[in-house]
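Every chain is named by a letter (A, B, C, D and E) in the order it is written, and numbering of its residues begins at 1.
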Amino acid sequence: MIGAAPILLLIIAWFAATGPLGLIAPLKFPSPAIALASLETIAGPGYASAPLAEHIETSLSLVLAGFAAATLTGIPLGLLLGTSRYANACINPIFQLLRPIAPIAWIPLTILWFGLGGGAKIFVVWLAAFAPAVINTQTAVRGVNRTVIEAAKVHGARRVNLFFDVTIPAALPGIFTGMRLSLQACWMVLVAAELVGAYTGLGHVMIIATEDLDSGMIFVAMLCVAMLGVAMSLLLARLEAWVLPWRR
Amino acid sequence: MSEIRFEGVERRFHRPGGNFLALENICFEVAEREFVALVGPSGCGKTTLLRMAAGLDFPTGGRVLVGNREVRGPGPDRAVVFQQFALFPWKTIRQNIGFGLKCKGTPLTQRREIIEHYVTLMGLQGHGDAYPHQLSGGMQQRVAIARSYALEPDVLLMDEPFGALDAQTRVLMQEELVRLARDNPRTVLFITHSVDEAVYLADRVIVMTPRPGRISAIIDIGLVRRTERWIDCEHIEEVMAQKSFVHLRSRIWRLLRGLESSGETVGRAMETGVG
Amino acid sequence: MSEIRFEGVERRFHRPGGNFLALENICFEVAEREFVALVGPSGCGKTTLLRMAAGLDFPTGGRVLVGNREVRGPGPDRAVVFQQFALFPWKTIRQNIGFGLKCKGTPLTQRREIIEHYVTLMGLQGHGDAYPHQLSGGMQQRVAIARSYALEPDVLLMDEPFGALDAQTRVLMQEELVRLARDNPRTVLFITHSVDEAVYLADRVIVMTPRPGRISAIIDIGLVRRTERWIDCEHIEEVMAQKSFVHLRSRIWRLLRGLESSGETVGRAMETGVG
Amino acid sequence: MAALNGPTPAVRAGTLLEAWVLPAFGIVTFLMLWAGCTAAGLAPARLLPGPGAAAAEFIDLTHTPYSGAVLQVHLLASLMKFSLGYGLAVLTGVPLGLMMGRYRIVEWAIAPLYESIRFIPPIAWVPFSILWLGTGFLAPTLVIFSGAFSPCVLNAYRGVHTADRAVLEAAQTLGAGRWATMTEVLLPAALPDIVAGLRVAAGFAWQSLIGAELIVGSTGLGYLIIQGESNLSSTVVVAGMITIGLTGAAIDFAMLRAERFVRRNWGQ
Amino acid sequence: RAADSGAFPLAIAQQPQRWALEWYIATKEGWWKDVGIDPTMTTFTAGPPEIAAGASGSWEVGGAGDLPSMLGAAKYGLTTIAIADSEAAIITLMATKDKADAYLHNPSLIKGKTIPETSNSTGEWGAAACLEKKFGLKPSEYHFVNLSPPEINAAVSSGRYDLAQVWSPNVYILESAIGAKVICNAAQVGVPITSNIFATQAFATAHPEIVAKFLAVYLRAIAWEREHPQEAVADLGEFFNSVGVKIPPAYLAQELHARPAYTLDEQLKIFGANTAGTPEIVDWWNQLGTFMQSVSIVSETPPASQFATDKYLQMIAADPKLRAFANDDTP
């Protein structure tokens, strides 16, 4: 999905708009020079109490842990809600009620239950990434072609077979969509998660840079998040292609 | 104990405009190890009938019994070949064919053997590891047939299984089915649009009326087949050339064409006995 | 200007195991207003050929021309009836049939008229507002046929259009197609598994070899049809009873059965002229 | 005879159970767990009040202003921002996703930018949105938009890709133009996926809204919550959360109905 | 709206802080009309977004802590025109009830503790100074964790943390809710912290007389508070209520007392208008600038001359009518 040319065009447009054309004031959006200076600052001496590598390491491990937690809990719940009408009727209302509550709103309770350590941040990431995994899995399971299910049943599929040989493979494309959205949610909630007492991390950098009105640094942090997100999403796409060879 | 019985079956569908009566007062039975073919105009409810025997649909009136027990759901004792293939897109051809066996718990080596047998029988060599979307329509249907055959079930329910096959394969399959039915007879309910096929394969042919589907006539072929010793013919063309065959065939044709009045038809249905 | 020409067409597919040659050196043409039927074993590449004429697939060698211009994509000048219906599940039967007309910008009242005409012609009365999944397989195929017919295109590409129809409707449709072809002839490329159908309908029948698909023979029917005046027969059975018909039919059968050696076949393809 | 009842009565009993009994059971169990937790002291009332206290506060807030307005006014303020940002995201995101799924060239041009932007936390847009658009209605809208946009795009794109190819081809051979292909074929074919995307997007949008209100704005449910939190009035926080939950659930319910409708007519 | 009454529409940025009380009083007493200003208030929960909003022209005048003020000066020439209040006394380090005495007694117990605080704020500055000067701890001997004030409340009241950097009104909230105690404040260790009143440069150059009138209204409210302390306390309660701050009434007087505001004459003195040498205020700002550079909020601080001006205070002083108005001398 990634082509280099449009990105190059974009970078040229950015140079032109902030530089020679002067369309955008540096305070409102950094010019390449300012962004580069910010990058040098954070990569070398560091910013917001640590160098860039450390921030990246913190955020990356946080996202990975949160994503893993969300996937490992969200997909099973989605499968349950999708396959069992009764479980769905029972659990879905609670899920729907709790889901819209922003992770930020949970922060006080998070601090109460998990303190200000890694657990609290992972919990916040999990809160955000959980719902997309559940919803897409559930939708995918519901959408499984009925004739195919019938075909499996008449060939003697018991619940186990039906589940592992039909429901799961048929739902996998949808599950992967859910995982992609879930991964995105992980990164999206990074700032909120690192509101819960962070020393380092890209979200922390964003918070500090926001308070400092340092548009260059905000931009650098955004760029890092975007690039890490893209990299992880590409890995996920690879995984998907490998898991689903039967799709065109 | 695997005969199929329809007792006064009725099926209505809900449609936005109101109820839609698809089947009305269907009474017949397929005796154990009997081969019954169902013919009738498109939309008369053949598929619906078959789905009820499979346990995939339920009557809104009357009841359906298989082996003297009311049908409550699908099971591996009744294999179905669907009109629209219904293969598993995520399984290779081999995995598709082996699915039922896997569910049954057949050991791997034995399973492999059976799968290879059917891959060869259906002329699918070289496609065993392809996915369904990479095959032509006819090939997909052959996979679907193999998948059901591989289970060797007591009851076979087939919905136009040969409809998408080419003439060549179709004949091959018909002959194979007859051979199977001779060597190892099963209870078969078989839907087809080809009168030739029905007469060639079935012990009895059931002719249905258009909407709402009712039984118009039940024609006994088995007796003729036995007395005329069709079994001695090696090829289908030879059978089709027989006088008795042509006679039966045109009788069914006339029924389908509506050349016989419906009153007469009902009478005939009575006279042939079952229902 | 709507003839179809295949010039040395080749089609390879990528498969995990390597390239898969589906079609090889296909050369033939369908003249303007000619009706050509394509027969051949399942998986020999008939559908693929038709898709190329429709502009839905492209050759990996050679070229396909319609009306002297290379095919670059699909268009409403070439209507396609698909082997697997491909109806719009979210549109009612009427909306499905009227889709092409709507795209063309036919005014509503006129559209309604045309739709009603085809609903009646195809025996779909009372189902006009149902959704495809509420119809039987045969009815779905009738909708698909109506959808293409309604457009009255110059070129008709049909992939086993009558495969899922019941015998009755099938004969009706065949007769209707012949009537259409007589009153308002079109360029037709027609795939079928039924040799009878091919001989009854086509001006020429093209027989293909199994994998990789090549042209095995091209048999001219038109001449016989005209000299023997099949057109005078009212019903299909009468035509089928004619000596000339039976002769052509068994010749194609023998070709398909592989009773003629492939060398002979190629010679015959040459002799019949086109390619 | 047993068979005479057929499937219909069983189905009806199922829907009654499904529509009312089980959901009620679920909610009641949840409330009891909640009440139990607070009563047992697993969470001090200062941080997590019991359901009773929260409900009382909820009722109280509907007529006693808190942070300058009553609950309804806060809710309305949030809903206005939500509808604008979310509506904008749907109206631009879904067509974009369809286009990306349909046309290689659009995919090629847009995908890289889209793919990278979608990971950026909506809250990270807060400073830029304030710098560009000030504190009016538009800054929170931009933040909400950035949260809701990408599920719309992604699911529409996915929907096109998983749509039945044969149907698309049929439309093309019937002479469907670009517009007709888009609106009459791709959109309905992708609709089940799109609706799932809209549900996720609504969730993301709510979350971003709250995030935005925490930082800018002097009305809205997010603002109410943050004020409650500052004042250690946990009842206000929980009442605010419940309002958010109920509203979000209502939005989701509407989506679900739409999805059901779509699926029924699609024959699934 | 503005055109009808002929009043000048003015967008004002405020925070739910004690120093915004003056505008509340002015509105309540109807003083805006007297100077021909029609104000629109926007409430921000914190300084940084307020300063950012100023860059896009969302407001023309306002108030905020001195750190955001200086940030705005460095970024886009925000001009401080007066001191809002002095708040060193309410920038505190608090400890939970059970630990407060122990920490005061034996500061070495603080070693190795995790202390929630708000990074890059004057609060951090004050807390660090407290820990260093009052308790003799080096930065390496404790851990600061960055949290926003509401989360600090949650963290301390959850019982997991027993020390925190807190400013008002959270000081009172924690005190009343869980009995936490102040163990040090910035005033005790001599850190000068203020909140400021400012105007965007573009607006100040275009409408100096409006800025002066706006400031006169603010100063008049300060003078009025001196004369009506009881009413001021009540008004503070009302104001806090309207912006969603809930503190027990008992603390309202304390809040007013702990955060002194300055009348026109006092402001002129602080700005050093009448004395030679470095004005007091310049010294404060130099200290603040050093702190901001040390935590790399800005790479260099703007000179005081660019950061602040007493021009508008002088304009009021020079205009007898306005001066009388600002001193609340009018009958």
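The criterion applied here is as follows: a residue touches a chain if its C-beta (ideal position, glycine included) is under 8 Å from a C-beta of that chain, and two chains touch if they have at least 3 such contacts.
Quantities reported herein were computed from a predicted structural model and do not represent experimental measurements.
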Between A-D and C-D, which chain pair is linked by the larger number of C-beta contacts?
A-D
Using C-alpha centroids, which chain lies at the maximum separation from subunit C?
E
Could you put a whole-Å number on the gap between the CA centroids of subunit A and subunit D?
16
Approximate Å spacing (C-alpha centroids) for the pair subunit B, subunit E:
87
Quick one: subunit C and subunit D, Cα centre-to-centre, how many Å?
49
Inter-centroid spacing, subunit E versus subunit A (mean Cα positions, whole Å):
38
Would you mind listing the residues of subunit A that make contact with two or more other chains?
27-28, 107-108, 112, 145, 210, 213, 245, 248
Could you list which residues of subunit C touch at least two other chains?
16, 84, 134
Junction residues of subunit E - those touching two or more other chains:
48, 52, 55-56, 150-151, 154, 158
Spell out the part of subunit E that touches subunit D in their complex, as residue ranges.
42-46, 48-49, 52-53, 55-59, 149-151, 153-154, 157-159, 169-170, 173-174, 177-178, 242-247
Using the touch rule from the top, collect the residues of subunit A that touch subunit B in their complex.
145, 147-148, 150-158, 161, 165-166, 169-170, 172, 244-246, 248
Report the residues of subunit B in contact with subunit A in the complex, numbered from low to high.
54-56, 73-76, 78-80, 82, 84, 86-92, 99-100, 102-104, 131, 133, 144, 147-148, 151, 157
The subunit D residues in contact with subunit E across the complex are 44, 46-47, 66-68, 126-127, 130-136, 214-216, 218, 223-224, 226-233
For a test of understanding, state which residues of subunit D touch subunit C in their complex under the given definition.
164, 166-167, 169-177, 180, 184-185, 188-189, 191, 262, 265-267
